[in-house]
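Given below, in the form of structure tokens, are the structures.
Heads up, the next two complexes both have subunit A, just with different partners, subunit B and then subunit C.
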Partner chain A sequence: MRKAFLPLVVVLMALYVSALLLIARAPFESTMGLVQKIFYFHFPPAVLMLLSAIFCGLMSAAFLIRKRQAFDRIALAAAELTVLYGSIALVTGPLWARKAWGVWWVWDPRLTMSFLMWMIFVSYLILRKYGGPGSETLSAGLAVFGMANAPFVYLSVNMWRTMHPKTSVVPTLPVDFATPLWVSFAGFLLLYIVLLTARVRIAEQQALLDQLYVDSDL
Partner chain B sequence: MTSFWRAVWLVVRKDLAVEARSRELLFTTLFFALSCVLIFAVAFVREGKPLGEAGDAAAGILWIAIAFSGTLALGRTFERERYNDTLRALMLAPVVRPAIYVGKLLGILALLAATEIVTVPLVALLFQARLFERVSLMAALLVAGTVGFACVGTLFAAMLARARSRDVLLPILLYPVTIPVMIAGVRGTGALLDPEPNIAMAQFWIVLLLFFDVVFVTLALWTFEPLMTD
Partner chain C sequence: MTPRRMTWWLLLFTVGVAGMGALVLAQPGQTEFVPVSQLPAGEQLPAARLLVAAYAFVWIAVLAYVWLMWRKLGKVEREISELSSQMAKRRP
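Moving on to the complex of A and B:
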């Protein structure tokens, strides 16, 4: 707990500062007004979800090759965080869409793709939980397939007309919008790292405990 | 290399021989595909005509029937191996593991091909869909799509054969991963069924499916060994 103190303070500060920035400093967007501020909570988790999915796939591939438990623990933590960040993005997205487009959900490429990636990693967790012994290897296989699937999902859903703003708007944002966005992004990234480390640590302790139980002559 | 294909052939022959005796999988899969068509006909037909643009409903129903009945066949194939405790024997066979995978995949493909030979004309007949106007493109879509679905499905069904609650887990894992196949199949078929068939669009989807097949067959061959080792 003591070791976690400093990182937690840093994460809290980053998220707090970003909240202040986006409430007080970020200007109102001309057409969408207040609701546009959801953007600062929507974009960072959405991007981090995809990065996390790829990270989980890579760690799972490493686990399948090297058979080292450490990779598997990181992959599990990454999968859980993919679902967590995906859930944030999938909740904040419709809230914004209702105001901007008038509907909660449209079957637009980017939405469909996020939803699918989220589904794949939920199924990863389901497999992990209900698959019984040996499911860590099986879920590693699933994560590798899920990662390899991303470009195909992207290509195939992109053939539908898109409504969602392109990611290319982000570098061209005026500085008033961009500063809070990147502070918020940094906050979510730091939160990700802290949660990942904590989750891996829990898994390590769990494995250690299991080992002790096996070793004891009870 | 020849020993590889010999092993593949032996696995295929074994599966076909077992199937030829009982015909359990063929009949259940086929009838399940028909039930799917019936259920979706109830949902997507109004006043005797399929809903939506020409062929949209037919394309969707056809691919849903393939995916659903394919899942059933995949589950049953490995359930049979597990029930008779022959999966272990198969894994103990002194051949390279990918050969077993390829053999199983070909067996499933043969079964699905047999199902499609009945389902496709039936859908064409029941929904007045002109599925046979561009036979080569339609066949390419079906082959590439079925291979894409089955190559992921065979791996997942094989690895789940040892897992708990495998019956529920297979569709849960398989459908999200094979969504590109479904989109490509439905959209490609839809493009062919338009009053003015969109050939370029259909070709795009076939190419996408071929890429999907290459990537996922390669991945499955690579992961089959580590996934099937305890």
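Moving on to the complex of A and C:
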């Protein structure tokens, strides 16, 4: 963690500065105006939540098959970050929706499935904390189930009628809007990598400590 | 219809229309359709506040997570140092 602290500070500062620049310099969208800029803090965490859920599911599947603790430690870190990024997406979305749709929340397929996915990974963390011995195997199964949900969350806007913008919006954005979005995405991705690395390192030290207790017979 | 009767009918019609107009104008004004610029300050939705709230939440969430990790690391390091000192005491 001590080694990861400097990159973490650099990434956080870069994210902070880029966010301020994005707000100040990015063009205003004609119908939504200023509130559209929430999109730059909503889309990257939402996409990273899905990618993180898939990553966590893959690592959990690898743990179930290979029984190596290293996979489990990565899966745990990815689950925590899925919840963190999911929380950001689920809070910033309604802040945008209040202005754009006139309501904070609607139970439409994309929103409901995203909330469901977030709850699956919260359940994963609760199970890890209070599940006792063997909870890592149970939670790994839960993570595989959570991963299976990810494609449905992504495609829900195309499969069902929904108020949420479709998946075709981002690829067709004009350069003026797309550039700040991908800068913001890069910042959130870097932050994800640094936080994941630091969290895995802490889990490794915890495992080392547990092993020391066993070896020392204390 | 004689011109005189026609005049009476026209007069009656005009009075009726004028009366209905007066009745409509006497009604209290429509309150649902108000231009957004004329809304009271309490009912307006300033986008800047929502944007700042979203930005603040991102930072609060990330910093809270970093703080939790920092605490967890501190606990692990403390336990390692306690264990090392206990092991050192037990050595002959």
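As a convention for this text, the second predicted complex is superposed on the first by the 193 of 218 C-alpha atoms of A that agree within 3 Å, B and C clash if a C-alpha of one lies under 4 Å from a C-alpha of the other, contacts with A are read in each partner's own complex, and residues count from 1 in each chain.
FYI, contacts are C-beta pairs under 8 Å (C-beta built on N, C-alpha and C of every residue); 3 or more make two chains touch, one makes a residue touch a chain.
Computed from a predicted model, the values in this text were never measured in an experiment.
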item: Which of subunit B and subunit C A:145 touches, first, second, both or neither; value: first
item: Partner chain(s) touched by A:191 [first = subunit B, second = subunit C, both, neither]; value: second
item: Subunit A: partner with more touched residues, subunit B or subunit C; value: C
item: First (subunit B), second (subunit C), both or neither touched by A:23; value: second
item: Contacts of A:37 with subunit B and subunit C, given as first, second, both or neither; value: second
item: First (subunit B), second (subunit C), both or neither touched by A:87; value: second
item: Subunit B versus subunit C as contact partner of A:69, first or second or both or neither; value: neither
item: Touched partner set for A:95, first subunit B, second subunit C, both or neither; value: second
item: Contacts of A:213 with subunit B and subunit C, given as first, second, both or neither; value: second
item: Shared contact residues on subunit A - subunit B and subunit C; value: none
item: Residues of subunit A that touch subunit C when the two form their complex; value: 1, 8, 12, 16, 19, 23, 32-35, 37-38, 41-42, 45, 80, 84, 87-88, 91-92, 95-96, 98-99, 191, 195, 198-199, 202, 205-206, 208-209, 212-213, 216, 218
item: Interfacial residue positions of subunit A with respect to subunit B in the complex; value: 64-65, 67, 116, 119-120, 123, 126-127, 130-132, 134-135, 137-138, 141-142, 144-146, 148-149, 152-153, 155-157, 159
item: Contact footprint of subunit A on subunit B as seen in their complex; value: 152, 155-156, 159-160, 162-165, 168-169, 172-173, 176-177, 179-180, 183-184, 187, 204, 208, 211-212, 215-216, 219, 223, 226-227, 230
item: Residue numbers on subunit C that touch subunit A, as the complex places them; value: 45, 47-48, 50-51, 53-55, 57-59, 61-62, 65-66, 69-70, 72-73, 76-77, 79-80, 83, 86-87, 90
